[in-house]
Structure formats: C-alpha cells, structure tokens
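Common to both upcoming complexes is chain A, partnered first by chain B, then by chain C.
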Partner chain A sequence: MKLRSFLLLAAISIALVHPGRVETARRPRYGGTLRVEIGAVVNSLDPVVAAANPEESAAKDQIGALLYDHRNPDGTFAGVAGSGAFRIAAWEPGKHVTLAASENNRGARAFVDSVEIQMGRQARDRLLDLEVGNTDFAQIPAEQARSASEHGVRVSASDPDELVAVVFVAGRPIAEDAHAREALARSIDRAAMVNFILQKEGQPAGGLLPQWSSGTAFLFSTAADAAGAKQLWSQISGSPAIVLGYDSGDSLEQTVAERIAVNARDAGISITAESVTSPGSAAPNCDARLMRVRMPSPHPREALVNVVAMLGPTAALDVAPLPAGVSSDQVFARERAIVGSYRVIPLVWLPQVYGLSARVRDWNAPAPGESWPFADVWLEQESQ
Partner chain B sequence: MRPPLRIVPALSRLILAVFVLGCVARPSPAQAPDQLSPAWNETVYALAEKIAAALTPARTFSLDVKDVSSGATVELAAVSQTLVADLTPRGARSVAPPAADSQVLVTISQNVDGYLLVAEIRHGDALQVATAPVKGSEPPASQPSLTPGIQRKIVWQQARPILDFVIAAPDTSHEIWYLLEPDRLVVFEFSGSAEVLHEARPISKLYAPRDLRGRVVLTDATHVKVFVGGVRCDGFWNPSFALECRENSDQQWQMGTVSWAIDPSRNNFSGAMTFSNSLEAKFPTFYSAASPSSATSGQSTSRWVVAGLDGRAQLFVGTADAVAAFDGWGSDILTAAPACGAAWQVFVTGAGDWTQPDRIQLYEIKDRRAIAVGDPLEFSGPILALWPAEDGKSAHVISQSLATGQYEASIVSATCGN
Partner chain C sequence: MTFRSKLFWIFTLALLLSVGVIATGVTLVTRRAFEDLNRRHSEALVGQFEREFERRGQDVGHRVQGIADAEGTVRMAIELSRPKADVSVYVNDAHGVSQSFQLDFLDFVGSDGSIISSNEWPARFGYKMDWLTQPQDWAKLGTFLAKVDTQDGPALGLMAVSTVRVGDSNLYILGGERLGKDFLASLVLPAGMRALLYMNLDPSFQPANLVDDSGPVSQGERFAPFLDQERQQPGKQTFRIAWTPDPAGSEAFHALPLQGRQNDLLGVLLVGNSQQEVVELERRIRLLALAVAAMGLVVGLLLSWWGAARVTRPVRKLAAGAREVSEGNWSARVDVRGRHEIGQLALAFNKMTEQLSEQRERLLQAERVAAWREVARRLAHELKNPLFPLQTTVENLRRAKEQNFEQFEEVFRESTGILLAEIENLKTIVGRFSDFAKMPQPELGPVNLNDVVRGIVKLFEAQFGAVGRPPITSELHLEENLPVIQADATLLHRAIENLVLNAMDAMPAGGVLMLCTTREDGGVGLEVSDTGTGLTPEECERLFTPYYTTKQHGTGLGLAIVQSVVSDHGGRISVESETGVGTSFHIHLPAKPPRAPASVTSAVQNPVLPSSAAETRPGSESAPSEGA
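And then the complex of A and B:
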C-alpha cells in the first residue's frame, strides 16, 4: 500500500504589512472587475443598428471587439455576441454595460472576471474619477494628458496616430486657388500648436503619415513661413477670404481653428473660423474644414489609403488605387503629391491617451487598428 | 519576419554566445567603416542603384549621411564609403559640395517595419527622393559586462512564443533541441553547426489559459516529457520522433523528483506537491517554488519558498505557517546551484509586469532572511518562464525583448567572481 502522509501547511496568510498598499507580482493574476468610463453614449450593441455619431460608432466598435471573436473582411463583426473574450452580463442602453469573461473563449479566458463600462461620462468627470480611484480606465483628450499626469493620474499614450488637418473643400473658388492654399499652409505655426494647445502631447505634422510609421515624415517641412505666405497671398487678385469650419462639439478643433486664424492673419490672410454643428453636415459656407483621421493600421500604405478615402471626397484627391505590395518609394510619392497640392494641410499628430488606475497591469496601448486589450490586462490585488 | 536564430552550435557557440555577467545591456560597437553587415550592404546597394538613376545626367555628386533613427548600429562612414563604392562603377563621381552637380543626403531612418535608408537627391531646384528598407536588420545585441554574479547565455531567438526548451546531446557530435511552443513541440537536430532535422509535432490543448505555461523535461537522450496546461505528452525516437499526448488526469507536473499540481485553467499551481517518497505537502497556491535540495534529493519537505498569487514570497520551514515573507519578488523563483559557498541561493525575477524590462536577482536565504547577492542580471523585456535546466544546476529562461518582440531562450547560472 502506498505510504502516504500529509504535511499540511496552512492556507496562505494575506496579512499585509502596509494597509492600502498595492501588491506586485509579475505573472498575471485572475479575477476582479475592470471599471471603465467612456464619453460616448451607446444606445444599441446590435451591429446592424447604425450609430448616431462617430463617437458612438467608435465606442460601439470597441465594445464589439470584446464581444465577438472575429470580423468579416469588411470590418463588421462575425458570429454571435459572446463568442469573443466577453459576453454581455448586464445592459442598460445608453448608460452602462457589464461584460463577463467567457470561460470557453477560443483565445483563452480573460484575466479579469468582468468589465463594467459607464457611458456618457464627460472628460472632466472621467479625469476626476481617475484621480480619486473610482475608475480603472478612461480615455483622456490628448491636450489634457499633461494636466492629468500632474494631478497624479497614471497616463499611457500611444504612438501619435490621429491626424488633424485642414482640408480644402473642392469646388469652392478660394480652394481652387493654389496660391491661397499654399499661403495658408505656410502661415501655420505647428510647433506652437503642439507646445501650447496640446501641451506637447503630440507632434507637428508635415506629411500624411507619422515618422514612426513611414520613416519619411522628416522630409516634409513643418516650419512656419509667414513671409512666404504673405508673398503668395499678395499674388491673389480681388479680396479673397477663407472660411474655415470646425466641429462645434470639439473643443480641440475650435482652439486649433482659432490658432490658425491668428497665424493666417499675421501673414495677411483674411480668414474666419466658423463652427459647424455636425461633422457630417454639408457646411456650404466653408472653404476649408478641420478634420481628424485616425490611422486604421500602423503600415504606411494602409494608413495612406485610409487618409485618401476619408479626406478625398472633400478635397477631390487623386483616388488612384495604391495596391498592396507597393514600395516605400511609391507610398512616399503619393503622399508627397497630395501634400504638395496643398489641398490637405497636415497640422498635428495626436496620440491616443489613456488614464489608468495603479492596479491595472500588463497594459499596452493599442496600436492603430487594435482594440482595447481588456482581455489581456489583469488587476493587482488591493490590500485591505 | 526574421527566421528563428539559433545562436550556439559547436565552435560558433564560443564566438556568438552572449554572456551577460550581472547586468546592463549596451549597444554593440559600431561596424568598422569597411564592415557593413550583409543586410545593410544589400540596402546600400539597392539605394545606390536608385541614386545613380536619379543622378543621370549629372555625373558628380556630394554626399552627406545622417542618422535620425533610434539605435541603428551602423557607422555613418561605412554607409558613406559603401555608397560611394557602389556609385563609382556606375559612372558617378563623388566630389566636394561646391563642385558637385547634385547633392545627395542619405538619412538612416526608421519606420514601423524597421530601418529605412532615405536619399534626397537635389539637382538645382529639383528634388528626388529614393528609399530602401533594411531587411532583416538586427536589433542591438547585448554585450559582456564585467559585473560578477549571474551569467546569461542567449541560445535562441524567434518570433513565435516559447514556453520552455531543452537540449539533449546523444553523442559528442549531435545535439537535439526541443522547443516547446504553445501548440507544438519543435525539434531540431544539429550535427556540429549544421541543421540536419527540423520537425514539429502538434500539441492539442484541453485548456488554454491566456498565460499558458509549459515545461519540457528531458528523460534521457531520446525521450522527453511535455507538460502544457492540462495536457501531458511523451516524446520519443523510434526511429523518427513521435509525440503522444493525453489529458494529464492528475495534473501533476514533474519538477525534478518532486511533482507540482497545476491548475489547468489558470497559470498557477494549486499548492499541492508530491515528493518521491510519496510524501505530500500542501502550500498556498503559487506561481513557482524553490527548495534547497528538491532538485537533487527530492526528499526535502522542510524548507520551501513559494511565490504566491498575492505577490509575496513566503518561507516555510517544516511548519504550517510561513516563518518569513519576502516582498518585492516576482512570480518566478528557482533554486540556483551555488557557485560560491554552500548556502541556499535562489534566482528571483523582478516585480514589474510584462510591459517592463525585467531582472534576475540572486538571493541567499539564511536565518529566515533573504539577502541579495551581487548585481541583478538585467533583461530588456519580461521574463516569461524560469525553469530548471537539465543539468540540475542552471536555469532555462524565456524572455521577450520589448525592443524587438522576439522571444529569447537563455541559459542562466550563478557565477563566482569574474
């Protein structure tokens, strides 16, 4: 008979030396609820139901990526909700959703037990909740990252992947004047935008792709040239003026538009900044629009194709296909041609900025095209 | 994607093995001007072709080279000299700037795929741009340091995740490498420095925790045991390599002459241990554990340190309650064969997370205290696994470089002095 004896050691004592201290351990730990706050209001998680605005669409896509295992080639979700890392445990449209970890997820069970997402939280409220530890994750406007960090919020920023640009509206008389477009482009002080408006949380943009993606962004000038702008503007006959539209609900766009107007007037350019109620509205009075474009991929070709697709209809850009497998020379040539037309004036690159609680571990800011990696993070055990 | 890189067979091991004695990785020294690596050489050649085309009909050019990348281990002078050497046979002549028909500025840049050479060719007011990606460029390599304490030898790098590895030497001229990946066991046979066999056998997973752990144990030169999550496999040569897998019904993982019970749906052990003399012990759930003699005798139940799920390592000395706790330790620990003296020494990983660089610190456990010995051995990314090596003395370490994303297999051992 097999000799068996038991040396029984007591269950672990979790007596903690310092009350309230967050313990550390490198290997991921299972359990806990990740508390998330978002600004968007998501009224339906049904992929078939269209979102009311881009913010809701983006948030719905992020939640969907947690619920569905894979996507169709066109980017829509395939299969059933719950086939992904999480399933819906509670759902109050427009207010909050609780996602529970799927035990039999093909990509392996998430480390956290659940994710609670509160919707419709304004940026100021999200920041406050991060400061006092009422939430574990919230997206922060890039221009507020520095302030958040100074208030003790743990901040994570992605590589800059969102382009803010002036896009001339094809067909408008002033937009068809190459001298006017170039004059406005030369007048803009991008460095000041980054330093003052963005509080250094971003990069001046000279091209349509960031340096970390293309490796050629340094070839595009980002320097202001007020004298050159003034000379070009003086060559335009008549009494031209530019109306620059920005999204009325976007405070960053408003600030950037006003800054552009200041720079332009310094160069003698007549310009007015006007709010537009909806990003998708026709805005018939606008000669140019401020637009924001996020990269869907870190790869230069895919990112450039997306820029052309997003801005092309407004600016009447060359939409000749840029097939897969093109060389870096060809990508650069297309980018240079668009920038050289001055129909699109790149301004700044913004990172995606996230505020995190101290107990969130193994957080990696998602790259362009990636979703929030809530299945991969884990939560440090809080001391009692 | 860069192919797997085996870093050590036979004689080349002496040349290529990377020894890191306790510490800080430094960029490798720049290439000598006449020694561009093949990847850079090919890229410069490709760029020279484009520059030559752009220079036509101008035949004289001035050349300047700058670097805006982060950490390209190539010397600007080497790029410049190679470029001139490649352009000269094409009829272009390098001259001082005032006398040049065209100005060529070459920039070493970097994009999402790696390094990139960018040439700006100015001829009057005209500007042409040519680019050439550096394919398969190597990341900066670690270099020897003179701080004693722990020795590391990187033996393998690849893009696919590695859970564990083991090396068998059936005879003096052959080595068989077993690399355990999450869903397969990859087998390489080397004769000297030549690869004579490369096979892979699939491993089905009953459970697939997100932090999947696995271990491969060498039974003898031609037999291995594999433990992955809730699966156990036996591998053997008869005459070709075969791998038979089944559910690991009792969830026991062989750890020397002790076995630990794994929680197959998680990344931790349940706390139950079975010793070779059939004694059983129950500890708190843990990620890893170390005992001064478990690797050799398999008899000891008296002294164990277990790295628990709460981030604390606790020392048990034959009693039900822990007699000491050590803070600031990571989740992977392993008894080290002491190189100096006979005290119980333990390798301990760092206490960050997998987004951070890592380290292994050697501790000496004496009188219920843990005393750090020597300098830590730094890693450029997280340590994902720390298992005992087949020699019973050193450790097998799997880490991931944060700079390159490559998974690295290393052999780590304690050293005495320099």
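And then the complex of A and C:
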C-alpha cells in the first residue's frame, strides 16, 4: 500500500512538473488579485451591444467567458452576467473592469479573489509592466516574445493558430495574373521571416492549416525560389507593379510587408508596400493585402472554413462549401486547391504569446476557440 | 550754325563721349568687382561645405568607431564568431544603436557580407553587401560618399566602416549620415545664397533628387542641362539661371562634384547666389552714375556754353568787324586784346582795315580826279565843237566887215544864224548836264511794268520802221499776272526809253529788239535785248560810268541815268554782251523799294562794275553813264 501510495505521489509530481515550465508543483492557494492588461478598449460588456472592432470583440468575448457559465450554439453567452466564475465588481467603460470571484459558481470557486483588467494598454507598456511586476498577465506580440523572455518575463505561447497571409484582391489586373501571383509566392523567404522577424516564435506557413492541426502542412513548400519567381515574372507582358497593403497600426504586418518587398525586388518583381488605415478592407489602389486569420477551432475543417470565410470575400475564392463530417483528405484537397491558386499566399503561423508574472501558477495557454482560464490559475504568496 | 554753336556742340559731344566712356568703364569695373565678390562668396561657401563635409566625415567616423568599440557590439561579434551562431537575435539592434549614436544609416554585416541588422532598411536582413568584405583598409579610407539603399529608395550618405575582428570572423559596422536637406540646413549661408544638392542616384536626371534645405527644389528641371553636363564630365563649373525676365531674378550657381570612393559621381553641390542684391546695387550705382553724369553734363553744358562764348567772343568781334567792312564801314575796328592767336588776328585785322581805309581814300581821291578830268574832257569836247564854229563865224563876220561891206549884211545874217544855232547847241549840252545833275527823287505809286513797256514800244513803233533806215523788229514777252510794284512810272519810262534808244543805236543795220518781263523773287524783272554789234568786256566794265560813251555824239549819261533810276528804286541792273551777237540788259525791281533810296549824287562815287555781267545793286555807289 505504501509503495502504491508512493508511486502515485511520484506520478502526480512528475505530471505537475511540466517540461519547460518554471512553476513547481505546489498546492494551489486561494486569494489575491490577478492584474491583467489588455490592449483592447471595451466600452460595453453588454453582449447585445456590438463591438467597434475585432480587437474589442475578442476582448469582450474573453471577459464574457469569465462572467458567463456557458454559451449558446451560435457562440453567444447564455444566462446572466455573474453566472460564471466571476462577477463584475467594478466597471469603468473603456478603462478597467474588476471581476470578483463568484462564490456561487456552479463549478469550483476561482482561486483568485479578483481579476483587475486594465484596458487600452499598448504592447510596449504591457511589456514594461510585466518586467517591473506591475501586472501579472498580458498578451504580448509574438515577435517580442524572445526579447521579453531575455528581459526576465515569463512567456507562455500557444500552438501557432494565427495565419498571416498575402491575399490578392480580386478584380485587380495584376491579381488576375496567375504568373504574377505565383512569382510573388515563390519569391518570399518565409523561414527568414520566422527566424528574424518573429524571432523564431512561429512557423513558416505553406498551407492554410497548421501542422499540429491538419498534419499535412509539411506537404506545402515554404522554401523561397527567387530564380523561379524571376522567370515567372519575366513572362508577364508590360511592366506591372504590385501594391501590397498592410494595416498601418500593425507593426508586424509592416515589417512582413517590407520583407516581402525586399524578397520580391530581389526576384525582379516590382512591388511597393503601402499602409492601409482601414483594417480588413482592401484599399482601392492595393493589388494585394496582408491579412491575419486566427483559427476559431483546432479542428481542420472548421479552421479551413473560417479561413475561406475570412479571406474569401477579398480573394474571391471560388470554392464549394465544406460540409460537416468531410474527411481529412477532402479538407487537404480543398486546402491545396486554394493554395495552388496563389490567390492566398500563406506566410507564417503565429502563436498567441502571453507574459506572466512570477507569481502566476497553473497557467495553461488556451487552445484555439478557448478562453483565458483565469479561474484555474492561482497566485503565489509574495515573499514579505 | 554759328562758330559758337559749333564749338558748344563739339564741347558737348566731347563731354558726352567722356561721360559715356567713364560711365561704361565704371559699370564694367563695378560688374567685374561684383562678379569677383560673388565668386569669392561662392568659393567661400564651397570651402565651408568642404570643411563641414570633412568635419562631418570625421564625426561620422568617430561615431561608427564608437559603435565598434561598444561592449554590445564586441559581444555581438563574439557571439557571431561562434559556429552556428544565431544572428536573428540581432536583427533589430541597428535601429536602437543608430538612435543612440545619431546615425541615419547603420548596418551590422557579418563576415560573409550578410546584413545582420539594418537601420535604414530593416527588412533587408540576410542580404549581402559583398563590397564590404573586399580587402580594404577601411580605417585608412576614412569617410566616403556612398549611395545607400533604403526601403524608401536610394539615398546619398556620408559613410564610414569599422570592423570588429574576433578570431577569423569580422563584424562590419557600416554607418553614416544622410546627405540631404538636413545636411544643407546645417550649413550657415550668407544672405542671398543657398546650397542645393543633387543626388545622382538615378541613370537620368530626376528633378526630385535636387534638394535644398526645405526639400525638393521647385523648377528643378531648369537645372537639367547643367547637371547632365556635370554628370557627363564632372568638374567645377559655373552657370546662371534666369528665373524671371528681370535680371535681378537670376541666380548664379557654382557646381562642385561629389564623388564616391571609386570616383563615381554621386552628387553635385550647387551653391546658388541670388543676383538680386547685386543687380539692385548695380542699378543703384548706375542710377547714381547717371545722376552724377547728368549733373556733370548740365554743368559741362553750361561751362561749354560759357567757354564757347568766351572763346568765340573775339572771333565774333572779328566777324562783326569784317561784316562792317563788307558793308562799307572801312573805319571798323576790332577791340580784342591778348597775345593769343585771336588777339594777333585782331591786330592784323585792324591794321588791314586801316590800310584799306587809307588806300580807299587814295583811290577815291584818284577816282574823283579822274572823274573831274573826264567831265572836263567831255565838257571840253562838247564845248569845243560849238566853240570852233563860233570862232570861225565871228572871224568871218569880222573879215566880211572889213573886206566886203556890201556882202556884210548877208554874211552877218548867216553868221548870226550860225551863232544862234551853236549857242543853242551849247545850251542843249549844258541842259543835259543840268538834267543829269537834277535827277529827281522817285515818287512812288502803283505801277504795272507791262504797261510801261507797252507804252514805250508803242512810242517807238514809228521809229522802228522809219523810212530810210533798216527796220527793227520788236518782240514783247510779257509775263501775265505780273505783280504791281511801287515805283515812279515817269522815271521808269525814262530809264527804259534810254535802254531802247541805246538798243536802236546798237542796231544800225536793223535787228530784233526783245523786251521780257518776268515775275522774280520779291519783285519783277525786265530784260531788254538787242541783236546789235555787242560790246567788248572792257566796254562793259565802263558802261555805267558817267560821260562814258561809245557813240560819236553821245553824252555818256544815258546808262548812268538808267542805273540811277534803278538804284533809286532799290533795284539792280546788269548787262551781258557778246561782240557781234548782241547785248542784254537785265533789271530787277523790288515790289516795294526801300525807304531811303540811294541818291543820285552818291552813285557818282562808285562807277566800277564787273565786265561781262556788270551789275549794280541798291545802295551801291555805281555811277550812271550813257550806253554804247
């Protein structure tokens, strides 16, 4: 019996000591306030009120997941606010919200007593606050994860679930030239993007689904072929030029766009990168756009459907809908058809990167479609 | 134009030429001085640019070396020297370091020439800069101009290279400052000058590459020909651009080629010097010069006028004296003193007039004596002819009384008849002389010369065709609408009558007598021509001398009377004659005679007239004489 108990304890201990994690298996502790900083500005927590932008919508969804017990099939929250792990203790629209642990939660009570969420904090400020210990949790750009880690910030990254891709704008003359699209796709050095721009925090993307999700991503080439691109471009009559738009407020998109321009010019492709002030919309003079699509689900079909839904209107992807229950081969075929048209050029996969303070324990990065598990984390007692 | 005016205009012309030459000279000298000043300003600015360029270059070199010496860079070099070193971690370092060291361009380049991090083109990591890895003593090269590729396009940079060597591995630090409007703005320029920089970054001239301290230069295309020339043949050159039609709007430029480490033309510094201030200064100087010239001209003109008057005053006195002499005032003298040429001329003039006066007096005296002798000779001749018959008759009468008393009565009767006849002849002779001496003053009235001529011809018509003498044909050529003149019709009648009588006497074998009247300037003309024997030049010379005659029984007073009448009417008479052909007298009578016609007595004092065209004029003192 003793031996069995010992082996059980040993197995639990080994399970708790996750490779690469700094926290050690300890008994969870109740209490404390989890300080959270986000970049979005949420002006209303009412599910009925529509968010002003995708960033607010995502943040509102994360906060809602803490307040509500469960969701409806369409993804909206069911029940009343406070039925979840937390309830609203203080609310100042657009600035901060304080959530208190709900004692009447149907499940277990959250370990922390409250969660204070500061809104509208820029990435740089969030990183600084993480470094000096002014916050416990903040989402940080993937390209800064390495730098943050070198500066002593605990970094937690999810599996890569956000696709950065070039999407040709349907109807533009150059976008309708298959040679031009393929030439641009071949000229891009994705590995350099991951290594230098993302500081190795991500993966080169050849397909529309990540390797961890579909298992077929390796079948899509991510290698650059400048010579091939040059040859293809030379077959285009006239002297066309591609205007590549990127979100003016997204520094990662700007850097990626500029790198694409460098690669393309090296292959003899005339291209200019231009900032676009309205995210998600195609500027009138842009032939292609950099777009980011996050997976709503770890399942390949749902993820591909979402990609088509997000990028299709811009690229005018001519694909039939994927019915539920299709096989993985069919998903792959559809993915290959889209990628083979070069109307969408996958570039890199980005993970969701979180910075954590040293006292945060039992944090597990959520999978695509999941919410921040603040009810499951607990805070280490700070030494006096 | 008077001598004074000529002298004045000569002085004025000389003054104008002098002022023009001086003004032109001042303008040229001023312009050259300003151009020299402009050139020195531009050279000073070019020198300043070169010094600033050198100073900036040294500064850039120090900063790049400072980066190479920094601990972070050395650590980077050490890390990169290790096998399979991860260069991606340094991809963003150039930006921060360039900010710290205030460099516009900064590239960290690995041993293989790959860009590790770039400030001016962050996305260019991984690409090669092979020229950096070529064998080169970068420290010795120092700072150099280079064309730098940035994500916004090529730019011109003042660059320096430092290396950090760890083992066999090199880390190259390429840093520099952008040469552009900010650099130009840092230059201290004098007012009216500006510095432009053309960045020779494209194969052909691009106006956008020409900047001043505020950005691209407006109307940059105007520089194209000069910069194209500079691109083809780099070197210092000067040119001028007229921005406006007004010369003040032009700008002079000095071009300084900026070459890279391989002597390739990367840029051209243009030092512009606005000509507005210079042109306006030139204009002010020119206006001042014009004002001074104008004042000088006015003063010069006044002085010229005064000088000309002063110089010509003795000349004018001389001219006035000469005019007086020409008008008959032989006693005219010129009051000019001085030892100069004019003074000497005046002395000679005075001496000459004095001698002329004395000679004239002697001549007059001689002429008077000659005239009296002529009168005496004529009188003697005239009186001697009747006296001889008188003497003979009286002697015959006495002889008859003594010898033959019976016939005495008959002789007495005949002798007394002869005596009375000769006495009558003497009375006639004396009467003629008396008539000549008693020439009356003309009583003026309106006279139509044609009427006078017609009356005379009518009077002589009978004699022209008289029996026993060859016929004379008269021809009248009378000008219609001949103006009426103020004259004494009786005297005119008498004068013309004398001319007709002379003509008849000159044509003993008959001929043609022609009388013509003409309208002449200021009066009328009459020409009386015959086809007679004509006169010799010597006869013509003496024709109007009183008591001179070529006829056997003439008194020599006819033509003298004619001349006297013409002279009293303010007219003039001339004669033209050719021996064997005929003689022609021409009389000009003014429409209105002068108020004081010359007296008959004074005419006696000037008997001499030209030969073949002998002529007397109003006021002249020619003496009347009977025709040939």
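A few notes on this one:
Everything below uses one rule, namely that the second predicted complex is superposed on the first by the 355 of 384 C-alpha atoms of A that agree within 3 Å, B and C clash if a C-alpha of one lies under 4 Å from a C-alpha of the other, contacts with A are read in each partner's own complex, and residues count from 1 in each chain.
Simple rule for what comes next: contacts are C-beta pairs under 8 Å (C-beta built on N, C-alpha and C of every residue); 3 or more make two chains touch, one makes a residue touch a chain.
If you're wondering where the values come from, they're calculated on a predicted model, not measured in any experiment.
In the superposition on chain A, A:68 makes contact with neither chain B nor chain C. With both structures placed on the common chain, the touch criterion links A:86 to neither chain B nor chain C. By the touch criterion defined above, A:299 lies against chain B but remains apart from chain C after alignment on the C-alpha atoms of chain A.
Within the superposed three-chain model, A:374 lies out of touch with both chain B and chain C [touch as defined at top]. Residue contacts after overlaying the shared chain place A:192 against chain C, while chain B stays out of touching range. Legend: residue contacts after superposition of the two complexes on their common chain; A:109 is shown touching chain B, with no touch to chain C.
Looking at the superposition, the partner that touches the larger set of chain A residues, chain B or chain C, turns out to be B.
After overlaying the two complexes on the shared chain, residue contacts for A:258 are found with chain C alone; chain B is out of touch. Contact with neither chain B nor chain C is seen for A:233 once the two complexes are overlaid on the shared chain.
The touching residues of chain A, counted against chain B in their complex, run 2-14, 17, 23-30, 106-111, 211-216, 218-219, 298-300, 327-329, 332-333, 336, 361-364, 375-376, 380-381. The part of chain B that touches chain A in the complex is made up of residues 50, 68, 107, 109-113, 115-116, 118, 120, 129-133, 208-212, 265-268, 277-285, 287, 301, 307-312, 314, 316, 318-322, 327-328, 330-332, 349-355, 358, 382-383. Per the touch definition, chain C reaches chain A in the complex via residues 88-89, 91, 121-127, 151. Against chain C, in their complex, chain A makes its touches with residues 146, 189, 192, 195-197, 199-200, 255, 258-259, 261-262, 266.
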